[in-house]
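One chain, chain A, links the two complexes that follow: it is found with chain B in the first and with chain C in the second.
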Partner chain A sequence: MDRIPILKLGRALLVTIQVDMHDRLATALEEDLSAKIVSSGARGVVIDISGLDLVDSFMGRMLDNIAAVSRMLDAETVVVGMRPAVAITLVELGLELSGVKTALNVERGMALIQTRLIQTGLEDADVGEDGP
Partner chain B sequence: MSDGTARMSEWLEAHADDIIAMWMQKLKEIGGHGGGKIREAELEAQCRSFLAALRNAIENDGEHSIDGEGYGPVRDLLSDMSQSRALQGFSPSETATFVLSLKEPLFQLIHQEMASDATAALRQTWRLSSLLDKLGLFTTEAYQRSREEVIIRQQQEIAELSTPVVKLWDGVLALPLIGILDSTRTQIVMETLLQAIVDQGADIAIIDITGVPTVDTLVAQHLLKTIAAARLMGADCIISGIRPQIAQTMVHLGVELSVVSKASLADAFALALRRTGRTVTALKSPV
Partner chain C sequence: MAGDVLPIKTSDDVVRVRQQTRVRALEAGLSLVDQTKIITAASELARNTLDYGGGGEVRIELLQNLSRRGVRLTFVDRGPGIPDINQALTDGWTSGGGLGLGLSGAKRLSNEFSIHSVVGEGTTVMIARWK
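Moving on, here comes the complex of A and B:
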């Protein structure tokens, strides 16, 4: 498996990581995802890591990076399905992923993005009304 | 092996009954039987097997060191005995007395048998005295070890008992913490909480610290770690039950919990319900 598939669901992208991530795969995902956000005009990214039972500091930093890149491209990143052991490891490594939103499962992650879309839509409308 | 040593083991065999009788009497006088915690017949059996083991050990390994192979049975015997006494509630001195009270009968034996040569008797007494001291110390150490094992086991039991995760409502969990939070307990707390979040699909976890006696920088750090881990799983945490004195101490220490905190569990629960889109209302007429 060379690349991790990125699925488009409405205005969100869904990435499901089911295999052990090695560094090259992670970098490839980062590139693919940023290209896909731009080409599809997605406003949210859901990364499902429920299949992941091993993380290291590189993996943690990559999640942070993806979130930062997506934010720059105006898409919110939600990491979902983290296992308890993984969460404990990340906290012990000092990686609290403060720039990333989290949710328990894909369903809730999608709901979170949906709420955000509605909210930002309303905000956009407000700005339009208040503007000249 | 010195001549004295060889004769010592012979004497021990020949006078075993006298020694045991005197030893038992001594033990009763100074409380080596732990005020009736052990039966006389059992005590006598222990005395007998110890004396036999000691005689063998002296014959094989001499009287200088108790670390050799020859003293293996003696050490095993003392370990088992200290362990059972620690569990029976003997005090450390009552346990050590078992070995130390053997001194008088043995010294008397030497006095009798070596009456003609005072210098040799003195030397033999000294050797035996230091041997019994070593065995006494060994007994105390074994006693201490088994007490520590008991304490460790109790600690584990307490830790397991003291971290319940309670479901307050659909998607709202409470974690009432009781007792001091150290790193080992934080680890258990974290694991139980995270597992409960997964199992119940919870959105909000309320950590109630009413039962935590002191909150210093370390405890605060442990709490923050737990909260960070819960956040990674997609659940929000609310801290409740910070007592007034603790709040003051924390501010004086400069500890800041950068999370939502409420004074009581009830307030935290109300907030959790509001966040999940629910509310509690009073009935117009009580049922």
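Moving on, here comes the complex of A and C:
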């Protein structure tokens, strides 16, 4: 079965969703990601959806779920790279992803996670670098 | 008038419905935002057909009259039907585990919307988006 790769970047995990998601792939991602948060001790998850030309309520719920599970595992989720047409459609659909932080691109998403680490006093170095 | 009938029996079929809707939306010359809206609406309704209708099929048509072009999708299932359509069209109302945005959201994302449902016989939902 296909899997979506999860990359570790310092204290964060980066997931790039490029394929048209079907249900099993979404469920597998949720499971893989939560396991990886625990095994890597990651403090943040950046999900790049710039490759997606739509987000429907199923995918929106998946993103919400991932953010909620990550939060319980002490990691912040940031969804980045949403296309303008997708954002317009999501709002009209009635799905505003209120449980999920968003940022314009991967760089800003990583910066958001770094800010959180600094604010909580857990990190004073760059998020992209491994800690001691 | 070009039309295709696709089965909706598995979640992979939902992906195929999205892909074929995209092909027709492009042919109809819809703008990027309108393409995204009709494809998203198609995805919501295809999932409803699968999850609540027990599967079914969709007819995807390219519409063309003298003045304009568009895409029409007609979803048909032979599931349990919807006892109270007004309730089913309410945001947040769901009989299953979803968010309850499928039907109401698809209606908002379309220019035309109609639904016909008979309890014990099934449901037909039609949406259209014009250029």
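The rule is short, and it goes like this: the second predicted complex is superposed on the first by the 120 of 132 C-alpha atoms of A that agree within 3 Å, B and C clash if a C-alpha of one lies under 4 Å from a C-alpha of the other, contacts with A are read in each partner's own complex, and residues count from 1 in each chain.
The rule is short, and it goes like this: contacts are C-beta pairs under 8 Å (C-beta built on N, C-alpha and C of every residue); 3 or more make two chains touch, one makes a residue touch a chain.
These numbers come from a predicted model, not from an experiment.
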item: Superposition on chain A - do chain B and chain C clash or fit; value: fit
item: Which superposed partner A:97 touches (first chain B, second chain C, both, neither); value: first
item: Partner chain in contact with A:31 - chain B first, chain C second, else both or neither; value: neither
item: First (chain B), second (chain C), both or neither touched by A:82; value: first
item: Contacts of A:108 with chain B and chain C, given as first, second, both or neither; value: first
item: First (chain B), second (chain C), both or neither touched by A:56; value: second
item: Partner chain in contact with A:20 - chain B first, chain C second, else both or neither; value: second
item: Nearest Cα pair across chain B and chain C, whole Å; value: 8
item: On chain A, the residue positions that both chain B and chain C contact, one per complex; value: 83-84, 86, 88, 92
item: Chain C partner contacts - residues on chain A that touch it in the complex; value: 20, 22-24, 53-58, 60-61, 83-86, 88-89, 92-95
item: Residues on chain C engaged by chain A in the complex (per definition of touch); value: 11-12, 14-15, 18-19, 22, 32-33, 35-37, 39-40, 43-44, 47, 91, 98-99, 101-102, 104-105, 108-109
item: Partner chain A, residues of chain B touching it in the complex; value: 187, 190-191, 194-195, 197-198, 201-203, 225, 228-235
item: Chain B-facing residues of chain A, complex; value: 79-80, 82-84, 86-88, 90-92, 96-97, 102-105, 108-109
